[in-house]
Every structure is written in C-alpha cells, then in structure tokens.
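Below are structures written as structure tokens.
Okay, so chain A shows up in both of these, paired with chain B first and chain C after.
After this line comes the complex of A and B, so read on.
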C-alpha cells in the first residue's frame, strides 16, 4: 500500500503526525482488550498471591500437552486447507468486473449469517452415514464404498475450513486487487504465457495477502471449540474447550486464565513468526 | 426478539409533528435514567427467576411463577441460562441481578461452595416429605431421568438393550452406542453395567468404573457434548442406542420422531431451587422459592413435562399418563445421583475422564 501513497498527487503534510490517527483505536483497544488481558494474566498467577501453581498444574498432567498438540495440528491443517480453497475463489473474484464481484462477494459472506451451531448440525446431515454425500457414493459404488466422514479429524477440518474460508478470501482478494495490472500487461508484451505470469508475478505479489489470511485462519482456529466438539471424535478436544470447562464448570478461573495465557503466547509466537517471513523467501527468491 | 421497537416512518413527519416528537424525545432523555435502571426503581415488587429456558421455562412460568404473582402481586421476570460463573461475577461486583435460580445436580452444591447462595429459610419453605433430601442452601423440586433411547423401527422389542449390562453387551445387542462426553452419569452407568446395584453406587469406585468404560469405549460412535445431539444422532441413523433424557424423548415423539425410551434402569438427577446471595429482595425471593416446594405446584409442572416431583404427596396428583412415563424413584434399578459426592469429586474425576477420552 505504501507505494500507492507515494505515487498519489496530494502529498501529506509533514505535520500530520500518524500517531494522531491511531489514538481513538488505541484507546478503545486499551480499554476493551489490553485491560481485560492484563486481568487474565493477573488472575492466572492467583492475583496478589503471585503463585505459579496454575501453570505448574498445566505441565503436571499429560492432558494439557496432548490437547495443545491437538489444537496446533487441527489449526495448522485447517489453515492450509483454508488457504488452498480460498485462493482460487479470490483469484476468480479479482478477475470479475466490480459489480459482478460485489454480487459474488455476498455469496462468500452467506455462511456468516448462519450460526456455527446450525452449520455444524447441517454438516451432520451432509457427512453422516445416511448423509447426502454417502448416498451419492453408495449409489455409484455400492454399499461397501461408504466413507466415514463424521466424528473424526476429517470432519473437524471440513467444518473449520468452511468457517474460515470467507476470512481468507477477503485478505487474499485485497492483495490481488492491489496489484498494478500494468505489470501483467508488460509481462504479456514480453511474451510470457498465462502460467508464467501467474507464477512469476501474480502469486508472488499476492503472498502478503496469503500470509495474512494464513495468520488470521491460524489465530481464529486456535480459539475454536464448538465445531470440533460437535463434529470431532473423542480425541478432537481443543484447548478452548478446557478454558470453557474451567470457567463454567469448575469455576477455577486461575487455571482458565493460565490456559488462556498459554494460548495467547502460542498464538503470539505464530503471529511473530508469520509476520517475519518475507514473502519472497516462501517462493525461494527475492521480489 | 420480543422487545423490537417500531419506528414511525420518516416520510410521514410534518414540521409540527417533528417539533412535538422532539419535545417528547427531550422528555424521554430526561426520564431515561429511570427507564434504564428499572431494577433499582422497583426492586421491591419484581424478581428475576433464572432457569434453563425452552419448554422447561414455559412450564415453570405456568406452574410456579404465575401462581406466585397472582397471590403476592410481585412480578417475576423469567430469564434463561443459570451459570455459576455469571452468578459469581454478579456477587463479586455487587450487582446481583438474579433472585431465584434453578441449578441442576451438583451445580447447586458447587454454587454454595463458591459462596454465591443464600441459606434457605426453612421456616418459609416446607422442606419435609421429600424423596431426595434438602440442602442448606438449596432444595430439590423435581428429578429428570436419563436412560436408554432407540429407534423402534430399527430395533423392535427384544432387539434393544433394556438395562446397562445389556447396553455394554455388544455381542447380544450389536449397534453403535452414544454416551455423553462428561463423567457424571457415565461413571454410574459403567458401574451398573459391571453389576453394582443402583442403590449401592456411592461412593463411586472410580477405578472400577473406568475399567468398565474401557470395555464400551470402542463401540461408542460419539461422545456427545450437546444434549439435542443425543436425539438428532439417533434420528439421522448415526447411532443405534443412546443415553438421553426422558423429557427430550417425549418432546421428540410429539414432533413425530420415531424414538422410544426405556423407563427402567434410569439414573435420575434432581434440579434444585436456590436464592442468589445478596438478592435485592430476599424476603420475596424466599417466598417465591417456597412455591417450588408446594406439592400441587410440583404436580402441575411434572404433568406438563413428564418429570417426577420431589414431594411424596405430589405423586397422587399426577395424571395416569405422567405416571406411566417416568422412572420410579423407589425402584431398585433406579439410581439417584448423589450430588454431594459429585461436588466433592467432579474436578478430579473430570480431568481423569477427559484424559481417558483423548488417549
């Protein structure tokens, strides 16, 4: 985005301190996010007691390590699937005329208007033993071909990917639309084919959007628990399930806060790692 | 959704009308603080009752809240979602919105241990003549039964288990099982499946229960987190035999679902009436609570939902249909959840259960 500003005709005056524009958002986030977050950290060490007992509990039992590992695995795979599904959609949308694109974007947004609980129940109808998918499969290949797509890891990934795709489409689409079409035209004039243009120009230039969408999907999926609980097998327990459990059932808000703090740290590490990758490195060359 | 406001269409505004409306708006703004804080304004003649919503709440309004309102003139607002965490937050911040609360099973004890409940005044509430004993800060007013449900079209009589030994017997009764994804109730079922008599379950032999659960584990198609799923999975043929609750089965049958329920070998859990600590109108709250201990009120409630009343004298007020559709509390095969045992052991057992589930 930066080079767009530089190229624009009205040069911003030097006295416009950028900090001024961030103040309202920063104030809001301080009150609505930072303060509660500090309260969570404060609760996790037992308030004024400043004890690490809650954290000791987390390492003392295998439960938390297994569930954290589950959470990371599920999040990573659903993020990968999300980006792979969202990219072609965003690419197609970027090539449409604006009016048509706006119409198609509404379709992308449709899943947002349905509650996650309802969507999860709908997946039971689609993926079940007598579900729509299995009826097609058995009609084509006989009864033996029935596939188990419910109450296991694939069901969780399908459900989560379905939820995450709209988020990813938007950030990838933004980076595709920000590309200067003259670059592609220049490449075409120089004799590059469609695949060459895509691989050498469009894809590398859209990598910031892809990374942003991956980061967003990863962060969102680390906090999910309704979909894994409804669609998953007995082992598909997520860390947020345990937070919810400690908050509402055992009322052990210290343990819940310690778990939440760990989740924030892990998510934070991912955010930092992903933001440090330079898009060129991913494709093995500088751009 | 109930309080959706209607706005005057903009096109119909005349200048005079606009001025008049503006004046009204100004008056409204001045009056707003009192409108926004109705609880403080008339705390003396209104109470908030919190329960589990849906059909349960509807039946409670008819059987308990309306008669109380008619007798005392005190208005009761029904809200849904009793949650110890929310109540604890209210008590901690000194902003107690709730007065009388319905907590299920060991939640009532857990809430009392968190110090968020008032002691029940048994000079106002009649705590005698009960199937299940009263507690210091709560008393039971009905029990709901959990048991085996199946689809009679797929599994006619003789083809489905009728108790927990049979439910565990996958050779005699082949089929996919469904159990809840929490330890309470499951441990009791596992012990009964292992031959422990229903009336001698407590204190639970946790090790033995987990050994018994090991046997059924491979045949459980889904450990079900949400209650509605117990019915919907049976309906969509994902599961053959499921642990669910008699009230849910009755509601599903009324909607035409092919589902049947075994009223023997049930585990019943009491639901408790509690008064919130620091209720703004404690005397009226206690009076409302006393209605939940009246046999005729309990009988009316149970006749609507098919649950069992706690007052022995309420039994003779039940309709024949209700009596036919409920677990008998005195039956030797009926287990009654011991909420004190669960309040003492829930945290430790639940951690073990979750570890057992994911490994």
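After this line comes the complex of A and C, so read on.
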C-alpha cells in the first residue's frame, strides 16, 4: 500500500548513518578474534624468525600424516552417517502439520542445545565395559559376548554423529520445506507413485540441503576435540587433540600453531564451498 | 494431504525417522535415571532411587565453585554479546554500506572457525596480555563465540519489525535513538530475549576455549566436567548432566514460546 516509501530501505534521516551500530562489534571482533588468529599464524612461522620449519615437520613426521588421515577418515564417515540419520528425520518433520512439527522439532533442538560433555558422559555410560548396552548383550548372549565399544573408532563415530545430526536436520529440513508442494501434487495427479515422486522430485530438489549439511558436518567434525578425547582411544587422535598435546605436554607452540593453521585452511575451503551453495544461510543453525 | 494410504515407503521413512529421534534422545534418557542412583559407582539402571548424587554435588565445594564461575562468566557473556550483537544486527539490517556482505561474513565467521583454533589463538594472545586465566578473559573469549548467534537471532527478529513504523516516527520528527528505544527495541524484545538465553547457554556449556585459558581459580563447570570424565568418571556427573539437560530444555521451551508469540 505505502509503496511511496518503498525506495527508502535505509530508515530515517540519512545524515546519521546507522552503520555506526556495527562499529563496536567489528572492533571487538578485530581485537578478540582476528588478532588471536593472526597470532596463531605468526607463531606457526616461528614469530620473527619467519621459518617454515614447523610446517616442514608436519610433512616429514609420520605421526602427523597418521593423525591427518584419522581426522579425514573420521570426519568423512561421521558426515556420511549424519546425512543418513538426518535425512529421514527431516523428511518426517517436513511432512507434519506445523504444530506437530514444532513439537517434534524439540526432540532435535534439545540435543542441539545439550552440552557435548553431557552427551559424551552419557555415551561412556552407555557404551562402557559394564554399560547399558553390554548389559543387554550379556543378558542375551552370556558373558562371552561382551563387546568393546568404548575408547575406539565406533565410539567416536557414534558420538560425533550424535553431535552433528541436529545441524544436518535443520539444513535438510529447510530445503524440503522450500519445495513447492504443487510439484508433488502435479506428479500425483499424473499418476506417479510415492517412490517415483520421492526419487524424481523430493530427493533431487533437496540435494542442495544435503550437500550443505555434508559440508557443515565436515567443517564441524574436522575441528572436533571433546568427542575423540573422551570416547576415542590412542588410535583415534584427531588434529585438535594433537594441538592440545603440543600445548600441554611438549609446550611446542610452533607445532601446535602450524597444525591449527592447516585446520583453518581445510575448514576454510569447506566454508567457502558452503557459502557458494547457501549464500544467505551460512549459519544453518537458525530455524 | 487429506487421503493417506500408508505405503511401504512412508512406513519405512517413519520407522527410520523415529529410530533417529530415539538415537537423539538416548543420552538424556540414560542420564536422568542414573542421576537418582544411590551409590558411588555407575550402574544403569540404578538399583535404588535417592537424591544422594545431587546432595553430593551441592555439598562439594569445588563443584560449587566451578558452577559459580560458569554462572558469572555466562552472565557477563550474555550482557556483552547482547550489547555488541543486537547493535551490530541493527546496523547490518538498517544501513547500506561498502563491503557489507564481507563485514557480515566476518562477524559471523567465529561460528565456523574450529573451537580449538580459537582456543589456541586466545591462549597465545591473552597469555601475552596477562588476561589468560581471569574471568574477564573468559568473558571476552565466550563473547567471540556467542556474538554470531546473537546477530543471526536479532537479524531474523528485525526482519519482522515493520520498518514503516520506524519511518512514520521519523517523519513525525523522532530522532533515531528515540525510535530505537520506543519502537524498534520493544518490537524486537522477544528476539533479544531469545538471543540472551542462547548467549548464556553457549557460554555456560563452552568447554574447549575454557579448557585452554581457564586458570586454577577460574575453572568453569564444563572444564571441571571434562576432567571428571577424563580422569575419574565420577557419578556426580550424572546429577550435573541432568541439571544441565534441564537447563537446555528450559531454554529450548522458552525460546519456542517466544517464537510462537511473534
């Protein structure tokens, strides 16, 4: 109605530009976020010495290759598991009437906002030698059937997947809800079965959401620290744990910083890819 | 929508979805009954029910000290990130300026930088400035992580604030601060409240950065929990975890209610 106002997207008086409201946050982030990151890069090249020795070490010592490989492998597997668990949930949520969806969404939001320590603790209780799962197993198959589920790769994957699923659900749900229901209705009228509709319309149209959730999962899992530290064994060290090891045990800040710099580069690449697919929705956590 | 024949596909999809919900709910389902256990060892399900572990948590001074520290840091973080985040969100959604997209990305990017990298950076940086190990250092660090959430939540809220009301007030001669105080902020209140709760919870649960920069006297609850899981697996953890889950649940529900009121 009031389209004569449409031109003025910048509100009231033009002489006091509201850009000043961004300044405090920008200054704060420059000081408390950008400078620390630069400090990491500075330390990684040996400060004023400007050497690449720490990076050379990353390439030459086999420990680093193993840990990097662990990190990639664990991240890839947990990303795959995450998408497989999250897709049916998102699909189910998308088909509910809004009120019921809001209610069911709490089942996804609660774990999203639950402390990772609470989850890790729960999994140590659930998966431990005398944990709930092993009690069921021994009750069914006798004492010999006890399985080792904690401090190994499966435990890390379970913990990571649990952490990542809510992020993926939000992202996939957004792309499912954005679909035009008329497309499905048209296909139905023309006689397509449910499978056909799903495979020909719903799934392809939700691919951007799936891809975005996979990239987000990779970003989040590459830098995972708590889960491998608490649920994994010695063979499941990830880059983050090695950074921690260097800071705490060997006091080798240069090596720690070089590792962190690598992590920034790798996750940065994934973040750029993510921003290409979902420019407006980089922060997929808002729903 | 109306006619619903249950095809094998929709039954399978439903089953898969519910297995997913169960998987997500599993930790809470395990933790809550455990917290009412009666003994000093971790057995699921507990043999008898009591409030023994809660009593232990409340009476042990180092758990209480860690909780108090977390509370202090989380309140500080909520206040600081609210101030910075809501103001930035207002600027980003009401102003046009050079490199706006870039600055938006910059302000949101802490959410995508791995916590360990931030932790190391802040450890080196705050250590150089002798702020490491202090409550102020923790508040600053947590604010870095919380601000992106506050900005996104507030920007979503600002999209629902009718700009014509602001324009009308300006036409009638109100100055910007008056407009913000009397029109924008009251309309934005639910989002601001939601953002505050998020910022509080992010700080209260933050572990990686705190683990790197907290001092002996400024150990937060998550840091204490981390070492408790790592070194001893104390049963008190079940009580602490249940309380934290209830806190998350309360905040989730509060935010859901705030959203519905919009």
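As a convention for this text, the second predicted complex is superposed on the first by the 219 of 287 C-alpha atoms of A that agree within 3 Å, B and C clash if a C-alpha of one lies under 4 Å from a C-alpha of the other, contacts with A are read in each partner's own complex, and residues count from 1 in each chain.
One rule holds for everything that comes next: a contact is a pair of C-beta atoms (placed from the backbone, for glycine too) under 8 Å apart; a residue touches a chain by one contact, two chains touch by 3 or more.
Treat the numbers as computed from the prediction; the structure is a model and nothing was measured.
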- Message: Quick check for you: in the superposed arrangement, does A:269 touch first (chain B), second (chain C), both or neither?
- Response: neither
First (chain B), second (chain C), both or neither touched by A:21
second
Query raised in the report: Touching A:53 in the superposition: chain B (first), chain C (second), both, neither?
Result: neither
Just to be sure I read the superposition right, which of the two partners does A:229 touch: chain B = first, chain C = second, or both, or neither?
both
Inquiry  = With both complexes superposed on chain A, which partner does A:247 reach: first (chain B), second (chain C), both or neither?
reply    = both
Quick check for you: in the superposed arrangement, does A:129 touch first (chain B), second (chain C), both or neither?
first
Chosen between chain B and chain C, the partner touching more chain A residues is C
Task: Using the touch definition from the top, say if A:62 reaches chain B (first), chain C (second), both or neither.
output: first
**Message:** Quick check on the superposed pair: does A:92 touch chain B, chain C, both, or neither? Answer first, second, both or neither.
**Reply:** second
Q. Counting only touches as set out at the top, which of chain B and chain C does A:150 meet: first, second, both, neither?
A. first
Going through chain A, the residues touched by chain B and also by chain C turn out to be 117, 121, 124-125, 128, 130-131, 229-230, 247, 253
Given the complex, residues on chain A that touch chain B span 61-63, 66-67, 70, 117, 121, 124-125, 128-131, 150-151, 229-230, 233-235, 237, 242, 245, 247-253
Listed in rising order, chain A residues that touch chain C in their complex are 2, 5, 8-13, 16-26, 28-29, 32-37, 39-40, 43, 85-86, 88-89, 91-93, 102, 104, 106-111, 113-126, 128, 130-132, 135, 162, 165-166, 193-195, 198, 219, 222-223, 225-226, 229-230, 239-240, 243-244, 247, 253, 256-257, 260, 263-264, 267, 271, 275, 282-283, 285-286
Listed in rising order, the residues of chain B that touch chain A in the complex are 83-85, 88, 110, 114, 181, 220-223, 225-226, 229, 232-233, 236-238, 346-347, 350-351, 354-355, 357-359
Chain C contacts chain A in the complex at 7, 9-10, 13-14, 16-21, 23-28, 30-31, 34, 42-45, 83-85, 87-88, 90-92, 94-97, 103, 105-118, 120-126, 128, 140-141, 143-144, 147-149, 151-153, 156, 163-164, 166-167, 169-170, 176, 179, 201, 205, 207-208, 212, 222, 225-226, 229-230, 233, 237-238, 241, 244-245, 248-249, 251-253, 256, 260
